[in-house]
Each structure stands twice: as structure tokens, then as C-alpha cells.
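Following this line, the structures themselves.
Two complexes follow with subunit A in common, the first pairing it with subunit B and the second with subunit C.
On to the complex of A and B.
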């Protein structure tokens, strides 16, 4: 049974409880008083199909699929406006990240959402050397939709790239490897351990 | 011995050849002038910024920051960690606070750290360079060292998001922080206190994934600087700097505007005001040249 099916089976009709038990800071959702300050404070508010305020109500109303498959949480720019303005001090930014991450772990995150894709690409890029390789990150962005469109994108951004190189803020040699940590194996083992601890807990929660 | 000494977390974008290498270079010049010694955390790793959340969930992300704090405690004991990048500071400070509040997570993180033969005590304050300038040095002392006042330069202080929220600078409000304006005034420049976009989000990492939505916000940030008569924008944040500076050509094409607004770091202002040349102040790292600063630097 997939993790998603197991969670549905376990929390049947109580999505609020599922969120409280499995989503980062999810136990705060019940504290939302529906004032809408988060929705009005979000810099990309108009791009969210469901604002945080609405997502919180949808969680209580058991709209599980609508919430977890939504691309709304992926519109979060991590500006922390909602956090500092929420009268009830809900850590909204973290809950949005948490919902997005949880949806991804269950295989429900919208594959076509560019931020979902970028977030994963960023993480994988960073884990290779322990530090971000900006050049490779930029190139993966340009070549995200295949080789031909990648070449087109690269040409479109050629001037920007040249200017960055001239200002010594982009180094072509980074393509050969670039900056990284010395104890890469220690770092990777540490992350593996942290991921295992979380995965075991999630698995146990689904039973 | 230097007057002030810290354990320094530069972050990925501040490495040589990276997008905010001009921040690093000007911070080095600024610290020489202010007698601040920065001891880099040996073998520091990426904090995964904010955008890493999708694949790196809570424990892996907190472990990344915990590793940096543990390395700092081992190599630079007793020294506050100081970050120059907003995301580095936020991630590290957030991790440190969470680990203070959540004993279970503290235990889990140390289990993960043991795989890298590290142990976290978590008794190290995590601070932003802006706090060092304001709290440890102070505006008055800063003003005293000015050799070349930034006279007649109109500067819009763009604080951005993550240097300001959720932690911010003690005594400042989230909605209208004034420390950048005070800093500009201390250096003899004309601070534009009515710059209404000072805490507007630039899109952060979504400038890469959602360029149209982000550039709409960046457009507003630059337009407001022009409307307020600014010669340049100053910011403490590497991603704000990059986002607001480097896409101006694209924004001009999209909005039929003619923006050419320089975006500099506070460390560049201080370096110039303290008499350093254009190169030391890393003004050669600007895509849009800050001519008025270059003239003063000579």
C-alpha cells in the first residue's frame, strides 16, 4: 500500500488530524481564526488559487485532495509577512512549506509547477557538493524543458550571463565541479540519517 | 587583536566567482576599516535557503544548519556566528531557536550529526552583520570614521524580507524598519525615508521559477526608487541585490521602461565612505555601475 493510501485509510475523514500529526507546524492549523490577514499580506496573493486562510478552512472541511494537489503552497516566496502579521501567531510560512513537502512525500505535488521543480533541483544541486553550484543551477533552469528550448533560453539570457562573468559574479570553471565541502561523505551520511528518522516516523504514523 | 571578532558564515553566493562575491569583497574591506575580524567557519555547508524545503523537509534542513553551528562551536568557541546573507542568517537562527524549543528535535539532530562525528551544544548566538554594525559598533562610532561623506547621494534603503522578518533587528518594526536610513545618514548620504517599497518582497527564489510574477514586484521596487528621486538602492540581502539589479534589462523589455538603477550593498557604502577605492568596495562587481559612488571613491 502506498504511503498516501495508508494515510487516507488511517485518518479517514479527519484531515485536520492528519495535518496536525504529519505536517510541519500542522498542529497550529486549528488555531486559525479566519481573519484573512495572511491572504491580504501575501506579495503573490493574487497568484494563489487558495490563500493560506482558505487552505486552513479547507483542511478543516476535509478537502484533502484539493489541498494536497494544489499549487497554491508552491507560490510561497518565504517572505514571512504572514508570520509577523498573524494575530494568532501561526507560523504560516512554515505550515505552507510543510503542506508542500508533505504533498511531495505522498506523491501528490503538482509535477508541472515550476517552483516544485526548482525546489527539488536546488536541493539536489546543493547535496552533490554540500554547497550550491550557481552556474549548474542556472543551466538546469534554462534546460528544464529539453535541449532545444535550453539553447533558446541560453541565447535569450546570453547578455546577462556575459555581464555576470565580466563582474566576476559567475565563474565558467564552476562547470568542472566548483566549490564544495571537504567532508562530503559525513554531510551526506548526516542527511541520510535525518531523512531516515523522518521517514520511519511518517511510516509509523500511517499505521 | 581586533576590536571585534566573530565566527563567519559567508554562504554559497558569497564565494569567489559567485553571484554576491561583491558582497564578500566589500565586507572584507569594511571589516578591515572597522577592525572586525571574521573567522570563517571551517568546511561550512549550504543552509538550503528557503527554497530547499520541497525536497529537504524539517529534520534534514535543520541538520544542515546544525552542522554549521557545531563546526563553529568546535573551531571558534565563544564567538558569535555572523552571517552576511539573509537566508543563511534566517536558516541558522531559525534552526538554533527550534532546537532550543524542541528537545526531541535536538536529540534527533545530534543523532544525525553523529554520522559526521559532530556534536551540537547550541549555545552560540546567531547574528546578522547588520546587528554587528548597529549593536556592537553603533551609528555614532560609524559616523566618526567617515573620511569621504556620501554627500548629495540619494539612497533608497531596501531592507527586503528575510533580513527583516521574522527576526529583524531589535527595536525596529517589521513594517517600517529605519536602520538602513540611519546607516546612510551616518555615512553622510541622503536617506530616502519615504521609500515605500523598503520591505516589499522581490520574489526571492521564485524569481527563477516564476520570473513574470517576480519581475512585476521587482518593477515596483525600482519604480518607487525612481519616484522618490533615488540615485541608487542599497540593500543588505544578496538575493534582493541580484534580483533587483540583474533583471532590469528583461524588465525594461517587458514593461517598456528605461530602468538603470544601481543596487549596492551597505558594505560598499561603508567601504567608500571610509576612503577605500572602487575596487576594494567591489564597485566593479556592479552590472549597473554606481557612478556616484565611483566618483567619490576615485
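On to the complex of A and C.
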């Protein structure tokens, strides 16, 4: 049984409880008083389908699928406007990221969402050497939508690249594999351990 | 020198707003000796700055006058204005209060003729009107001020203006050599009726009260309606002096907000509902441009005022938007534009108004640190009813965010408690 099905089985009709128990800072969702300041304060609010205020109400209304497959929380840029203004001091930004992470773990995150794609690329890139290879990460972003558009992007940003090289902000040799952290296997073990603990926790929660 | 006759059977009432006056009068009417201390130059407190009361929409000046008459008819009440309690020592039944009296520079000869004000040139922000206009260096705080006596602003002392004022007075009422005094007297019980202050709207940055002329507070809006107020009873935009017809009210401006005041200030919903009726009063029901919009989280028409809320809901001029406004910007004509998302349907709005009124919250006037005596205060700054307070009781908004009705009830209760304390003292002394 997948984790998703297990969670559905366990929480049945109480998505709010599921969020409180599994999503980072999810316990705060019940404190929302639906004033709408977060929604109005979000600089990208008009670009999302579901504002934080709406997501919180959907959670309470058991709209599990709609919430977890929503691309809205992936649009959060962590500007923290909502946290600063929330009259009840809900850690809204963190809840957004918590919801996104949870959806990802359940395999429900929208595959087509570019932020989702980028987050994963960033993570994989970082895990290879223990630090982000900026050159490779940048290139993978340029070539995200195929070879031709990648070349076009690269040409368009040629001047920027040259200037960065001149200012020693970009090392072209990093393309060869790049440099890593001192104890790479140690770091990878540490992350693995953390991931195992987290997976065990979710697994136990789902029972 | 000011003489205060007081014993440990005297009740000291601090603050002569509606709560303090009520507590003083109620205690005096049971035959007790009362000293009423007021920081301002006149009695009446915040209600003297209100245009109308909810829910009856009657004038506060009416009730204030009745209470002032009760106060002067009763006797047994010593009123000290421009006075502040700076120290309290002792215990229940035997307190000693130290009161600092600032010089008024005007004695009881004053007939309030106004010749001094005509002679003086310097002008200062008028606190009674929240700085919306100026008063002269010699002034009567407002037209119903009691005691009806002018005040010389200490900032003109030592200037030519002060001499001009003195020369203009035909009654020898101006005494420029008056000094600050400190008096000390006994009291058996103390009632703190130190009242409230509107929350500082400058702190609510997204609403831009500090940046935008046409964003004002509810207390300022109240002053505008007063015929003798800064705008002569007209609703005018401070930015350009034009009539404001499309008016927005923003609820919970500073209240129910952990970044500002945690508590619900309780009165602001009713105050805005009341103020929304001013629009029809000012422009008439036929004026189609005149309208009000109330932005709210939820309407808390306290007490038994649901009827009033329903009445306003049925007013075609007034609309309700369930949303806490996220922020305010201004357009090219300096009109405030309120932005947010409403909770009933999650519609994004960006609405232009002529004037925005922030329904600011209530904060206790006296901070915990500045109380001259050890006293139990809750996290919101209001005085708790606590046995550890001994013979010290809170009345009105010093005890909680209250409307006038509840403040008066609270004042009567405080008076009764104080009376019991001094009765015990009297009993012990035989």
C-alpha cells in the first residue's frame, strides 16, 4: 500500500488532522481566522489559484486532493510578507513549504510545475558533491525545455556569463565535475539518516 | 497653595472621564469625601471628544452635563485638574497619595471672556482635536470645558505672548508666576479610572496612516462631525479639504493582532457602525455618491446591539466586505486604494475611496511601568481585580476595553468597593 493510500485510510475524513500531524508547522492551520491578510499581502497572490487563506479553508473543508495537487504552494517565493502581517503570527511561508514537501512525499506534487522541477534538480545537484554546482545548475535550467531553447537562453545571457567570469563569480572548469565538500560520504550518510528517520516517522504516522 | 482636606476615610479617584466622574459622584452621594484628580485641564475625558454615542445616537455632552451638575450639586468632592498622582504609599485603609499639580497660570477670577486668547499669537496643535487644528497659547480646551477657565500653554511662558495675555485680562486672572505644586494627602481607598488611549495608527505600516493624508483614525473622524470641531462638522479630506463621500472603515486596525494589540477592543465594531450612519446624516439619503464600506473580520456588535448591526446592514448606502484589508496605496489624485482578498468567495479587490477611517483599538492610558503603586495588571495592560491590590480598584477602561455603558457600570461597582473599604476604616475608628 502506498504512503498516500495509507494516509487516506488512516485519516479518512479529517484532512486537518492529517496536516497537523504530518506537515511541518501544519498544527497552526487550525489557528487561521480567515481574515485574508496573507492572501492580500502575497505579491504573487494574483498568479496563484489558491492563496494561503484559501488553502487553509480547503484543508478544513477536507479538500485533500485539491490541496495536495495544487501548484499554489510551489509558487511561494518566501518573501515572508504573510508571516510578518498575519495577525495570529501563523508561520504561513513554512506551512506552504511544508505542504509542498508533504505532497511531494506522497507523490501528488504536480509534475509540470517548474518550481517543483527546479527544487528537485537543485537537491540532486547538491547531493552529488555536497555543495551546489552553480554552473551545472544554471545550465540545466537553461536547457530545461530542450536543446534549441537552451542554446537560445545561453546566447541571450552570454554577456552576463562573461561578466561573471571576469568578476570571478563563475568558474568554467566546474563543468568537469566541480569541487565538493571535505567529507562527502559523511554528509551523504547524515542526510540519508535524516531521511530515514523522516520516512519512519511518516510510516508510523500512517498506521 | 492648593489645600486638600482628606482623611483615611477619603476616596481618591484618579481620572475624571466618564468613569472617574461616575465613581466620584456615586461615592460622594453615599456621603463619602472624594478627591478627583484629572491630568487634563478639564473633566470629561474621551467622551468629551465623541460626537455621538451608540446605539441611541444621542450626544455625550448631554450625559456629561448631567454628571457635572450632579458633581457640583453634591459637594464633598474636591476636583484637582492638571494634576497627576506621582506616588502612593501605605496600605488599604491608610494610603498617602502624592499629587503633582501643573500650573494653569490662570486663577479662579477667570470669566472665560477670551480676551487673552485674542491677544496671544502663538499657536499649538490642539490635543482635544487630535492635532487636526491649532489652539492659541491661551485657550479654553473646548467650549464645554469644566472648570470653565482658560489655560496658558506653558510653552508661551517667558515669551512676549504671556505678557500680552496678562495685559489683556481685565479680571486679574492671569498669574504668570504660578509654580508647579506637590500636595500630599490621605486616602482610604483609591479608584483608578485612568481610561484609554487610541492605538498609535503609525505602527500599522501597511495602512500608511503616517504617509497618506486621507487615511485617518476613527477618533479623528468623530471630531470632524462636531460642529465646534476642526472641520466645523463637515467630513473633509485632510489632504485637499474636499468633501469625503465614499468612506471606508477598516476594522481591527491594531486590535486582535499579535503584532499590535492582542485583545479585541470591543467598541470599534459598534463605533464604525455608528459612524457609518454619519454619512447619511451629513449628505442625506438621496445623495448617491455618499456611501460607506465596512471591511471586517467579523462584526462584534457587543451586548444587545445586534439590532443596530441589522439596521446598518439594511441601509442601502452601507456595504460590508468580509476581509481584513492587506494594505493601502494611493492613486494619482491622492485617493486611498484599499487592497485585499475577501473571505466570501476569495475575490481580489482594489477599491478606491475618498477617505479611509481606521477603527483603532483601545490601549490603557497608563502603562504597567508608570503606575505609582504595585498593582495587578494583565498582559494587555488592564488592571485586574485582584485581592493583592488591597484598597485599589479599577473603573472603566483602566480595567478593560469597555464602551461607555459598561464603563459606567464598572465605575459604580468600583465606587461600591471603595465605599466598603472606607466604611471599614470608619467602623474601626468608631
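As a convention for this text, the second predicted complex is superposed on the first by the 206 of 207 C-alpha atoms of A that agree within 3 Å, B and C clash if a C-alpha of one lies under 4 Å from a C-alpha of the other, contacts with A are read in each partner's own complex, and residues count from 1 in each chain.
By definition in this document, a residue touches a chain if its C-beta (ideal position, glycine included) is under 8 Å from a C-beta of that chain, and two chains touch if they have at least 3 such contacts.
No experiment lies behind these values; they were computed from the predicted model shown.
**Student:** Superposed on subunit A, are subunit B and subunit C clashing or fitting side by side?
**Tutor:** After superposition on subunit A, subunit B vs subunit C: fit, no clash.
**Student:** Give one of first, second, both or neither to describe whether A:139 is in contact with subunit B, with subunit C, with both, or with none.
**Tutor:** A:139 contacts neither subunit B nor subunit C.
**Student:** Taking the superposition on A as described, I'd like to know which of subunit B and subunit C A:51 touches: first, second, both or neither.
**Tutor:** In the superposition, A:51 contacts subunit C only.
**Student:** Quick one: is A:108 in contact with subunit B, with subunit C, with both, or with neither? Answer first, second, both or neither.
**Tutor:** neither
**Student:** Comparing subunit B against subunit C, which has contacts with more of the residues in subunit A?
**Tutor:** B
**Student:** Who does A:39 touch here: subunit B (first), subunit C (second), both, or neither?
**Tutor:** A:39 contacts subunit C only, not subunit B.
**Student:** Would you sort A:117 into first (subunit B), second (subunit C), both or neither based on which partner it touches?
**Tutor:** first
**Student:** For A:87, using the defined touch cut-off, is the partner it touches subunit B, subunit C, both, or neither? Pick first, second, both or neither.
**Tutor:** The second partner, subunit C, only.
**Student:** For the overlay built on chain A, what is the smallest gap between any CA atom of subunit B and any CA atom of subunit C, in Å?
**Tutor:** For subunit B and subunit C in the superposition, the minimum C-alpha gap reads 6 Å.
**Student:** Need the overlap of the two footprints on subunit A, from subunit B and from subunit C, as residue ranges.
**Tutor:** 84-85
**Student:** Which of the residues in subunit C come into contact with subunit A in the complex?
**Tutor:** 206, 252, 256-259, 297, 323-327, 339-343, 346, 348
**Student:** Mind pulling up the subunit A residues that touch subunit C in the complex?
**Tutor:** It comes out as residues 33-37, 39-41, 45-46, 51, 53-54, 84-85, 87-89.
**Student:** Once bound in the complex, which stretches of subunit A touch subunit B?
**Tutor:** The touching residues are 24, 43-44, 47, 74-75, 77-81, 83-85, 93, 97-98, 100-101, 104-105, 109, 114-120, 122-124, 126, 130-132, 134, 141, 159-160, 163-164, 167-171, 173-174, 179, 181-183, 186-187, 189-195, 197-198.
**Student:** Which part of subunit B faces subunit A closely enough to touch in the complex?
**Tutor:** 12-13, 15-22, 43-46, 48-60, 62-64, 67, 108-109, 111-118, 161-162, 165-166, 174, 200-201, 203-206, 208-210, 213-214, 217, 246-247, 249-250, 284-287
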